[in-house]
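Two complexes are shown next, each including chain A; its partner changes from chain B in the first to chain C in the second.
Then we have the complex of A and B:
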């Protein structure tokens, strides 16, 4: 049954972001701020970078602010030594990506000013941005969210988060369904999903963890992944992507959102995260400089998978 | 264009029996890039190597593939030969058509096809091999010896006598190990203490030996010639520099009734103690679990009576780091605990023999302590339950050993001999007593060993019964031993006063954990593995680490001492050079692709990855990338496997080479 979600905090959050952004920009604490602004279509939002305190009124926070802005920082990090600190508006889910990037030496905490935003959820689809946020229209990732209030930020607007109604756990249900299938049936399922892939690499471009300057998929000596969108190459790309994200992806689900062919990419990521949790009691995105279970060895590690 | 030479070895008949070597030579000769191919009966022999050298010069070969055995066997041999012929040794690769092909297949046709493919893969790989310069690294001429039993003591003394510093680490409060516990030794019956303690004193007095007792290995980093070892010195609660070993603390300690492990729990010791009077160092240690001061905060008597003020309750565990060039592992053995069935272990236990339940059923080491002049009974053989002299004693051999159904299939090697010795010691001390031995086979290979065993039967009147015991039980103050005499084919029942079990020899507890710290391999029983069972019996597969004594397999004292001296000789061979040549198979970072995530640094077991700043001409930082120190890199390839952007590669095993190999199939 459709239940409404209280979105009254968004206006207060927007106000708070603007005044904090004005303060840090005019005091010269940061050289620029990455945030969200109104986009062309009614109700929609888009990323924006502002560097002038006069522009702070452009900043907003609404249920249409779906993007994970941390992806901009892996590109912008080279500017930091020249221009100084960067401010960024982060939701709890996006913050986990930033934490991961700090652990992988891509960003330094002292180079960032984190404006954390309390979030009641974002829209699952922005094809029709001017939609009410309800238990039906909310994004799948938000239904399993445990980080509505980001921790450890430099600034977080003080608002009271509304209670969230009961929602259907889409990923957990889908993983359980796939786990119940036989390996052959699962193979068939993913084969069909991956056959849709057109190798546009939007999933790669939007992912904060795909920060390699030269992706191994673009290498041709030797060629690791077939470049044309044919079954073998598609499979190789998506399996490599899932494996590279295991123990790192914290579930911003941007890959799934941007996929023009609607491949359930975050489902694979969530399954990997579930494995990590079960095998090593590890969840990505909570601790900086953590080696992570896949980069460390402990003689007490579960070795039952070696047969 | 490559001019590759391919040399196919028959390995006597080892390969040619199942692989048509002439056909392999013919077919690979057709591959693009192969200029020459031939086969020979023994490529590794002198004429074989000459054939290779001659071909390199006459055919102007650019690369070489030798199709023969495992590279672990002869890669160095052939690379040396290639170098002698004027080619860079790393332009030579081996194709393993013995272990990977002829030995594991029966069908000649199929094996031949597979051999052609294996050689074809290596041809593709060698095409992309680069000329690599040899790397030289300095050698730290100090050795670490782990374990202060007879093996560790012998190795440490031999190395130190050659003028090199040795760090000897022992887990217990004193060195001496199991040999210090023994009463007499076979086959000469000389007193173990009398031959052992002088060596212990030599260790203590040797200017080149640094002794760390009550210490354990915490971490091992580095590689041959350059190890950094972190040693945990457990808090002794007694300052070794101040203590004079007067022993007043031990006399005054009010806690007196703690079973002494050294005496197999038969004798008692105080909470501040040395395990035995001849301990080296003669510095007591406080057993914090049993000390009143540590339990309640009261007492403190030992500190009050200590003249030099050596007792220190505040002492803490400390970690020290020592740089060494070579490591000798001599951690020794432990006895199979037959009443235990450790969870997840191979061992099934011998609950039916009542060990741990019937007090007069003891193991061989307990009997040693009873027979020892310095033991808890002063050398009188008295049974633990009531202190009476046993008049009928039964020895049972092969407890745990050679019992596949109990989880151990190997022979413990020393039990036949020590049981014969036990019957003699018993006969010497209990003149009117009778010893019986249940045995499967008497295994007595060794100088004067069989004569010794025969003596126990012919002169010392031990009765040997060939057969196993099925059950033991207590009846009054007797133990009824039920067994069979298979030589006669009858059931035997003996009412014994005492039973001694010759329990199997096992590696020390924690042997596997230590092996993981050292990066050496071990078998399913946790015995450490030598590099080659016949030709490299004291070296580990990990360079710079050597084995001595029972940690590698059951051994008696003469074998242990021989192996310890052999390990010392290997260490000295290493220390005879100032620089060590090592294989240049190391990782390299392709800086253009490196994005500086440093996963390689996180996973590198050698600590070889460093951070390197890339700057432009004005000095502006462009990015930080990974750099592999070639002197430290061990060439394991873990970084290559981990790098998400494939920006680090191991020379000789590049992605390009591996893919070329796969694509050749």
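Then we have the complex of A and C:
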């Protein structure tokens, strides 16, 4: 059943972002703000960097603001100290990614001015950006979102989040379905999914956590992962990608959104998040942890699988 | 003096990633003590289990291993103090991931074998070899490596028609 989702607060959020952006830019608190702006197609949005207080009217927040903007800060992180503080518009899921990056010493909190967005959800697909946000068109990650109000930001518009209807949890259901299958059936499922991969590496480029200057998959001495888009290389790439993100992924689901071949990449990330929650009681959150679950250890960790 | 070597129809390939300080020394002890264990195992020596990247395991399977053994020092005995503790967490996560993508975890064995446990090394290797022998050839990764890939279906009616018109 399709239920509408109340996004009436987004107008007030947009207003609040603009006035705050104007204030911090004109006061010189930040040198630039990364936010969302109207794109060419009706209803769509695109990332924008503004550095002039006159441009603040370009900033918006709508259900089409799907991007995780924190990726602009990791890949260009070397620029930040030179430019002074950077303001950034973050949803709850984006903030978790930023917090994770702070924990990995990729960003410093004092270099950032966080404009948090109370978020009722964004669209799952922006192929039709002008559609209304309903329980059908909402992104799968938003169905399972528990933190609609980002915490620890420098500024959060004071609006009351409307209650969101109870929604079907797609990832949880799909993981449960796959776990119930036999290994051979799961292999067949993933083989089919991974065989679609064209190795465009969009999932890597859009991921805020894939900030290695030289990716393991680009190395050829030794070549650990075949680079051609053939099944063996694809399989290795996606398994290694999921492994490298285990315990780090913030669940922004950008990998899945940008995948041109519609591979359910976030399913692997969610599965790993679920396992790490069970094993080490770790979840991506709003608190900066110096060490993630796979970078730390405990004497009493489970070792029932080790002979 | 040696017992008659049994002939098997299938000899699995087992790759063992071992740490140099404990398990490698343990395997060495098994050798110098003249203990018999299956020669199916190929030992690869690493400085520490913490050095063993999950990608090595994947690569081993892709290159034709039927079973993989990862073995190192007992918790608390690591030469580098905490390498095996980190490895323990990493492999706990990695085996969950492999299980999720459909790899049979019976082919992957982790163990702690100290430098004094030559007997345990023999036991671990024999158990894994026999288990993998019973399971047969690991075909999944080999089939994957042989397969060509097409990102979509290339024999759609539209394409066929276009082809015929040329």
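By our rule, the second predicted complex is superposed on the first by the 303 of 307 C-alpha atoms of A that agree within 3 Å, B and C clash if a C-alpha of one lies under 4 Å from a C-alpha of the other, contacts with A are read in each partner's own complex, and residues count from 1 in each chain.
Definition applied: contacts are C-beta pairs under 8 Å (C-beta built on N, C-alpha and C of every residue); 3 or more make two chains touch, one makes a residue touch a chain.
Model, not experiment: these values are computed from the prediction.
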Exercise. Report for A:104: first if it touches chain B alone, second if chain C alone, otherwise both or neither.
Key: first
Quiz item: What is the contact status of A:211 with respect to chain B (first) and chain C (second): first, second, both, or neither?
Solution: first
Practice problem: Identify the partner contact of A:187: answer first if only chain B is touched, second if only chain C is, both if each is, neither if none is. | Solution: second
Quiz item: Which partner does A:272 reach: the first (chain B), the second (chain C), both, or neither?
Solution: second
Practice problem: Please work out whether A:236 is in contact with chain B alone, chain C alone, both, or neither, and reply first, second, both or neither. | Solution: second
Quiz item: On chain A, which partner's contacts cover more residues, chain B's or chain C's?
Solution: C
Quiz item: When the two structures are overlaid on chain A, which partner does A:293 contact: first (chain B), second (chain C), both, or neither?
Solution: second
Practice problem: Look at A:221 in the shared chain and tell me whether it touches chain B only, chain C only, both, or neither; answer first, second, both or neither. | Solution: first
Self-check item: Doubly contacted residues of chain A, that is, touched by chain B and again by chain C
Solution: 216, 224, 295-296, 299
Quiz item: Can you list the residues on chain A that touch chain B in the complex?
Solution: 78, 81-82, 104-106, 211-216, 219, 221-224, 244, 291-292, 295-296, 299
Exercise. Would you pull the chain C residues touching chain A in the complex into a rising list?
Key: 53-55, 58-59, 62, 75-76, 82, 85-86, 88-104, 109-112, 124, 127, 140-141, 144-145, 147-149, 151-152
Exercise. Show which residues of chain A lie in contact with chain C when the two form their complex.
Key: 178-179, 183-191, 195-198, 216, 224-225, 229-232, 234-236, 239-240, 242-243, 246-247, 261, 268, 271-272, 275-276, 279-280, 293-299, 301-303, 305-307
Quiz item: Taking the complex as given, what residues does chain B use to touch chain A?
Solution: 513, 516, 592-593, 595-599, 602-603, 620-624, 642, 644-647, 655-656, 658-660
